[in-house]
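Several structures are given next for inspection.
Common to both upcoming complexes is subunit A, partnered first by subunit B, then by subunit C.
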Partner chain A sequence: MSFKLEILWTDALIYLLLVVVALLVRHVRRHEHLMAPWRKVARSASGMAAATVLAFFVVIGLADSVHYRPAVEVRDGKTIYAVEVLSVFDKLTTKLRTQKAKTYSAPLATHRYAKETIELPDGLQVRDYPRLTYGGAHLADPATEWGPDIARRCLYGIAGGALIWLVVATLLCVVLARWDPADTGRMWRALRRGETEIPWRAILLTLAVVLAVGGPLVALAANYHVFGTDKVGQDVFYQALKSVRTGLVIGTLTTLVMLPFALALGVMAGYFKGWVDDVIQYLYTTLSSIPGVLLIAAAVLMMQVWIETHPELFDTVLARADLRLLFLCVILGITSWTGLARLLRGEALKLREMEYIQAAHAFAVPHFRILTRHILPNVMHIVLIAIVMDFSGLVLAEAVLSYVGVGVDPSTISFGTMINSARLEMAREPIVWWSLTAAFTFMLLLVLSANLFADAVRDAFDPRIRVGRSFRLAAQKA
Partner chain B sequence: MSNARPLLSVRNLRTWLDAGDAVVRAVDGVSFEVHRGETFALVGESGCGKSMTALSIMRLLPDAGGIVGGSVELDGRDLLQLPESAMREVRGRRIGMIFQEPALSLNPVMTAGAQIAETLRRHTDLAGAALEERVQKLIEAVQIPDAARRRDEYPFQLSGGMKQRVMIAMALACDPELLIADEPTTAVDVTIQAQVLDLLRQLQRDRRMSMMLITHDLGVVAEMAHRVAVMYAGEIVETASREAFFARPAHPYSRRLFESLPTGAKRGAPLAAIPGTVPSLTRVFTGCRFADRCDSAWDLCHRVAPGWHGAGSGQMARCHLYAPGAKFKDDGGRMKAEVTTGDVGSHPSSFIPHPSVAATPLLAVRDLKVHFPVHKGLLRRVVAHVKAVDGVSLEIEAGRTLGLVGESGCGKTTVGKGILRLVEPTSGAVLFDGADLARLGRAELRPRRKDVQIIFQDPYASLNPRMRVMEALEEGMAALGIGAGREERQDRIDALLGDVGLARDLKFRYPHEFSGGQRQRVAIARALSVEPRLIICDEPTSALDVSVQAQILNLLKALQRKRGLAYLFITHNISVIEFLAHEVAVMYLGRIVERGSVEEVLAGPKHPYTRALLSAVPVMDPATKRNVIRLQGELPSPVSPPAGCHFHPRCPDAFARCREAYPDSARFTVSHSTACHLYAADAVKQKA
Partner chain C sequence: MIAYITRRLLYAIPILVGVNVLTFALFFVVNSPDDMARVHLGVKRVTPEAIQKWKEERGYDKPLLYNGAAAGGGRFIDTIFYEKSVRLFAFDFGRSDQGRDIGYDISTRMWPSLAIAVPVFLMGLAAYLTFALLMAFFRATYVDFWGVVACVAMMSISGLFYIIGGQYLVGKLLSIVPISGYDGGADAFRFLALPVIIGVVSGIGANTRWYRTIFLEEINKDYVRTARAKGLSEPRVLFRHVLQNAMIPILTGVVAVIPLLFMGSLIAESFFGIPGLGSYTIDAINSQDFAVVRAMVFLGSVLYIIGLICTDISYTLVDPRVRFE
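Right, the complex of A and B next:
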């Protein structure tokens, strides 16, 4: 089946971000002094464990960022493409996406959550919990077969996960052994005892946990709604996975928008001092005294009106929702640069008195060159720390904004929209708890691993924090 | 004294530090004894492990450090075996400690009195009025004037010397038997140093206390110590009584240390700098640690670590030269050095690189003023001015060196920056080559930037850590359009590195891979890259060790001879001026109080401040009895300098007129003049 690649705005920016990151990695690898703090990050067990979890989220997010429109038919030699835009991730999870129930069903249920009048083949009507169209549909007698079926699938999942883990661990061992000449057996032992420089044991353990949980989830998801279904019968597991991309987009693209403001204004304020500093300080003091949510709400509502009055600009619903997501990033970025700018101003104030900058003045080096060659490289560690620390805050901010109703488009699946709809579900009787639980669990995992990773990065880059191992260890080594 | 059991006895102490990927053997088998009532000095360059030794005795090592062996016996009890709770009884009570940086050692939110009382409360039962009285007594004992008021003041209200006194009072609060002073005067000025050393000596004598003095300054050792131990690369290489040590240092390292000290007598020749740098303490040593830098080393020194050998009169050295049976090469190096210094000493002014033909000076500063406004209130009105530089005039001729001397805060650095327009002068003229640098616009100044360059004090802050040496050197050339293209500039960089004594391939390295001395060489090469005619040297050696300082001073001197450079050498170190400068100007509170040729000013100082400053410098030779002029108080604030002569509140010779008007300049010779009422034509009459 042919298809047409559809590059949404946020997709394009994510690709751009990937290119930037790739270039940065290349640059860092070539410079030993830039590499050194990253080595420290790589040595942090908690940081690398968090990175392992984050990697799963990133893979999901990236798979969800390659969009296309499948061809539906060929008419008069012209291919007609579907109105619906799909992503690679959607394609991989076609079953989850298309196998919809009619309305609420509990996690792993075989029957609906509410009673309904069912017409029996003989014309009689009874009120009962009807069977789900897909969830557990393969079971002839759910009452007896459900338990063993779930257990069996869980076991399959775990076995599959264990198999994958073994393959990964063995491959890693072989590669590592080849890298620094040692035999595979000894490398195995070093790995098991946690004696490798990069904490591979922590990474493998995390991987084992993720696979042990993920394997059964995947095995069950084929025939059950693992996290239940929502009001319109959509699989909650699918929604939670889709939300990951929204969270990642908000967390990363906002930074991309905010960075130029924070960098340029913060560094300029600190370096030039005088009236430049005054103007910039007044600007960010004013901006940070306006309640952020109010400012964002006003901007989002204005943008919403604009989008609605220009429907001709958007081919698809998704394109429209995507633009709104992008605007949300821009608005969040414009309102959130003040914190970093303040930090950078302070650092630039300190740096401008450094003797190498004085020496540059004595050479009549132009201001712009001093800013780019001397100040910027020396504040990059602060920028990096701020980026990773802000990420989780932004993911949470999106949830809050969407909950309030000024966040992403209602058709965009995000943690915020999931929580927003859960508001009503929590109020009904019997209570529908799984939407909120799923959103909460996934968001917690994402934010927690991002925070742990950010901690490791901060420890490595902050010159004031010296990560000292306990002395005894080194003494024994020597 | 020596027969009794020593108060402190350190045996084979070994302290290691974890530096991430390697273990630093900071203290590697150190043994010494401190007797009762004795001052024991531990001398060495930075990084030799002397502070780590002190911290090991107190068991106050940083987290990354640990004591791996040895014993520290205080009065027969091994401190290393004590539980932490018992150790707390020892610290502060039996052993007091003074640290280098008084500003960082006091808690900024506690008053001076409260901090002293804290120690007393911990170790004694004193309370209430008795405690108050004791605090008062202690503050008086450390000679803080106006003790009743000072005890209720916070550290920010106290000056540097005052803070150091409070620190001493805290250390002495419980009458410790041993006082460990870790570089107690390194962070303060010479005149304050003289006050603090006096105080320590007097307190030690009165209380019959033992003192362990840690310092890098041989002058301080000569003034204070009874016995001396020299540390090098984690071990003690020589112990001796003060008299023996200063009369005849035994270990080659000690000898070279003395030789590398700059003095006026060594002016004519380069200093005998110790080649190379202190070895990294992460490596394992097989032979003598000093062998690589020692000029009397032979193959045995590289193979076998020397043991302790007596060198006569109770002096001990860790050197194969003194092994019984070894051919006793007595003082070969020392004799040679004496010959050269003596030779030059007979005609000290023989070294004039470029005899000044032109009478017009290269740089003439006229009445330079740099005032910094003090803002206050909501509208940030200017309420006062910090008069950092208040009417300074000076001249430098091509190929000559002008030394600008003064204590910290006197404005000498601001003069240098004002000349370069790194800070904007308030008024005055900076005439260089016919143009007034102080009046030029940014664009007009640009082409003239190449003529005057600057070298800074801190070798760690003067190079951008993110730029390779090559890029740092190329920056100035690129900005000022020197060298046609990249290739030509690269050739010049290679030549420059050769000139400052660095290998060419070092240009691909980042600053963090260099030692302090090497960085300073790079900074010099950077200044030279645009071929300046005048270099402002802002304390370029004060952050360096003596042996490295000698290398840098030699380099500066050689460059001056080769390129005909003029230097404005800003420093607080008189002996460096003696060695390097042709003319000298003494600054006090934003103004020059005395100027003249080095011989005139240093041999016959006229201004009372110059005299006090010179007399406060510790003298190495214990034989010379000097009469130290004690200055009262400290440098006043440049926001509101005293009326009349700025120096009169501290001046021992002040009289009525000094309080009324700033003195005019009195001229003694063509070059020598001073601003003091004592020498005014009618002064004698007035005084009478």
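Right, the complex of A and C next:
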């Protein structure tokens, strides 16, 4: 089947981010003094366990960031492509995406959540819970078969997960034994006792937990709605997985967008002092004096007006939603660069008095070169800590902003839109709890692992630095 | 001291001018008033007459910066910039796009906001400081370790979860207090209990951890060793010496927040149906009432700047090393 690649704005920026990260990794690997703190991160058990979970999220997010439009038909030698833009992740989860129920259904249910009038084959009408079109449709008699079927699938899932885990663990053992002059058996014992330098045991344990939970989920998802369905019958599990990309995009692209400004302005203010410092300080004091949420709200409102009055610029719904997501990242970036800039200014103020900078002055090194070669590398640890610390705050902020009505486009699946559309259902009887639970659980997993990883990074790079969350919604929220 | 405060106040003026120009640019230059009118009246099927009428009713039909048609000072006064932005400096907020007096709305809605924000602030501060001190007291033990773990877990939970979960548990399952609503007088307590508790609980994670780092930093200083060396008990060291000195960094964070308490909290107020400034803002955002959002942006930054000034003054009051200069 032919298809046409469709690169959305956020996709492009994500690829850019990947390239930047790859270049940085190459650079860091070549310099031992840059590697040292990363080795320390790699030695932290909680940090590496968190990184393992994050890796799963990143894989989902990346698979969801390669978009294409499948070909519908070929007419007169010209291929016509579908209007709908799909991602590789959508393709992998076609079943989840397309097998929709009509409306609400509970997790793993075979019947709908509310009673409805059903017409029997003999013309009689009864009020009962109708069967779902896809959820558990393979069961002839759900009343007796449902329990054993679920149990069997769970077992299959766990068995599959265990198999994958064993393969990974064995491979790891063999590879490690190669590097280290040890035989595989001794390596295995060292792994089991947690005596390796990098906490492989913690990583493998995390992997085991993820696989033990993920295996059954995947096995069940083929024939059931694992987390139920929402109001329009869409699978909640699919929504939760799709939300991961939105969360990752907001958490990372915001930083990518604001970083050049924060770096350039913060370092310049501290290095040049004088009127440059005054202007830049004035700029960020003004920006930060507007309460974050209000500035975001004002900017997003204006953006909405702009998008509504310029509909001709977007050819697909997704392109429009995507641009709005990018705008949101930019706006969040504008409101959150001030904290980092302030920190960088302080550090640059300290650095400019150092002997090696004075030596550079004595050798008549131009300012630009001093900034890029001598100051910038020495503030990078602050930048890195700020990036990882901000990530979780931004993911949480997205949910709050979507609730306020200034978040992502309503057609974008995100934790915020999931919570927002599900919260009113708490008043129903019996209560529709699965959408909220799924959204909060996935969000907690993502944010918690991000927080743990961020702590490991901070401890390794500079345990004393007091980087506050430069994006403080907490004060607004409480 | 008075000279110092005056200088700080004067320094605030250019910042407020900056905020004002920024909001003006955001609200009137990025999109023309015509665009706003179109969004309000529905993008399609809107006549130029309807747009003109909408603009006239709200005073958006004037030129942006310079009115060539008017005479004398009117050239600058009879403009959108003067009417909508400059007058904010006199706290003349004008009318909302729905036609209500914003200044009056703010003055009445301020009190419910304060009724929830002040107890959350005070009780929260007491609770977070207590937990943080406890963890500092038991530092490097299992109490401390699991305390930090609990903090990280709690700060990873979305604030929305605390509210929704709390409403469900306390309001619906246990039916102790009403789920939402507000009433003046003594009855207010019933409605405020839940939002206040949730407000305090949702801040435990981040704040306790934050204060703990401050305490731990202080505990490793020389004067603490001196205090121990002269035989003071650990609680006395903590409460008498560490707490007092740690108050300096804590104060900076705390004083800056106090003026912002007036603004209330967006999320909690709208979830609990409390008619404060937070829910006022949310309603304005949802109904795209630009005038109200503009007024709240200005008010918010005024309060923030007051907070900054108070912080600096409080610094000089508690820390004798800081001088007015």
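In this text, the second predicted complex is superposed on the first by the 462 of 478 C-alpha atoms of A that agree within 3 Å, B and C clash if a C-alpha of one lies under 4 Å from a C-alpha of the other, contacts with A are read in each partner's own complex, and residues count from 1 in each chain.
Just so we're on the same page, a contact is a pair of C-beta atoms (placed from the backbone, for glycine too) under 8 Å apart; a residue touches a chain by one contact, two chains touch by 3 or more.
Please read all numbers here as calculations on a predicted model, not as lab measurements.
Q: If we overlay the two complexes on their shared chain A, which of subunit B and subunit C does A:E429 touch? Say first, second, both or neither.
A: It touches nothing on subunit B or subunit C.
Q: Counting touched residues of subunit A, say whether subunit B or subunit C comes out ahead.
A: C
Q: Examine A:Q358 and indicate which partner it touches, taking first as subunit B and second as subunit C; both and neither are also allowed.
A: first
Q: Should A:R369 be classified as contacting the first partner (subunit B), the second (subunit C), both, or neither?
A: first
Q: In the overlay, answer first, second, both or neither for which of subunit B and subunit C A:V293 touches.
A: In the superposition, A:V293 contacts subunit C only.
Q: Figure out whether A:I419 sits in contact with subunit B (first) or subunit C (second), or with both, or with neither.
A: Touch partner of A:I419: subunit C, not subunit B.
Q: May I ask you to decide whether A:L396 touches subunit B, subunit C, both, or neither, giving the answer as first, second, both or neither?
A: A:L396: touches subunit C, not subunit B.
Q: Report, in rising order, the residues of subunit A that make contact with subunit B in one complex and with subunit C in the other.
A: On subunit A, the overlap between the subunit B and subunit C contacts is residues 466, 468-469, 473-475, 477-478.
Q: Note which residues of subunit B are touching subunit A in the complex, please.
A: 16, 18, 20, 23, 63-66, 68, 417, 420, 422, 445-446, 449, 452-454, 456-458, 461-467, 472, 475-476, 479-480, 510, 512, 523, 526-527, 530
Q: Report the residues of subunit A in contact with subunit B in the complex, numbered from low to high.
A: 32-33, 354-356, 358-366, 369, 373-374, 377-378, 466, 468-475, 477-478
Q: Quick one: in the complex, what on subunit A touches subunit C?
A: 282, 285-291, 293-295, 297-299, 301-302, 304-306, 308-309, 311, 392, 396, 399-400, 403-406, 415, 419, 423, 426, 436, 440, 443-444, 447-448, 451-452, 455, 464, 466, 468-469, 473-478
Q: Per the contact definition, I'd like the list of subunit C residues that touch subunit A in the complex.
A: 14-15, 18-19, 22-23, 26-27, 30-31, 35-36, 38-39, 43, 120, 124, 152-153, 155-161, 164, 167-168, 172, 199-200, 202-203, 206-207, 210, 213, 217, 257, 260, 263, 265-268, 281-282, 285-286, 288, 290, 293-294, 296-297, 300-301, 304-305, 308
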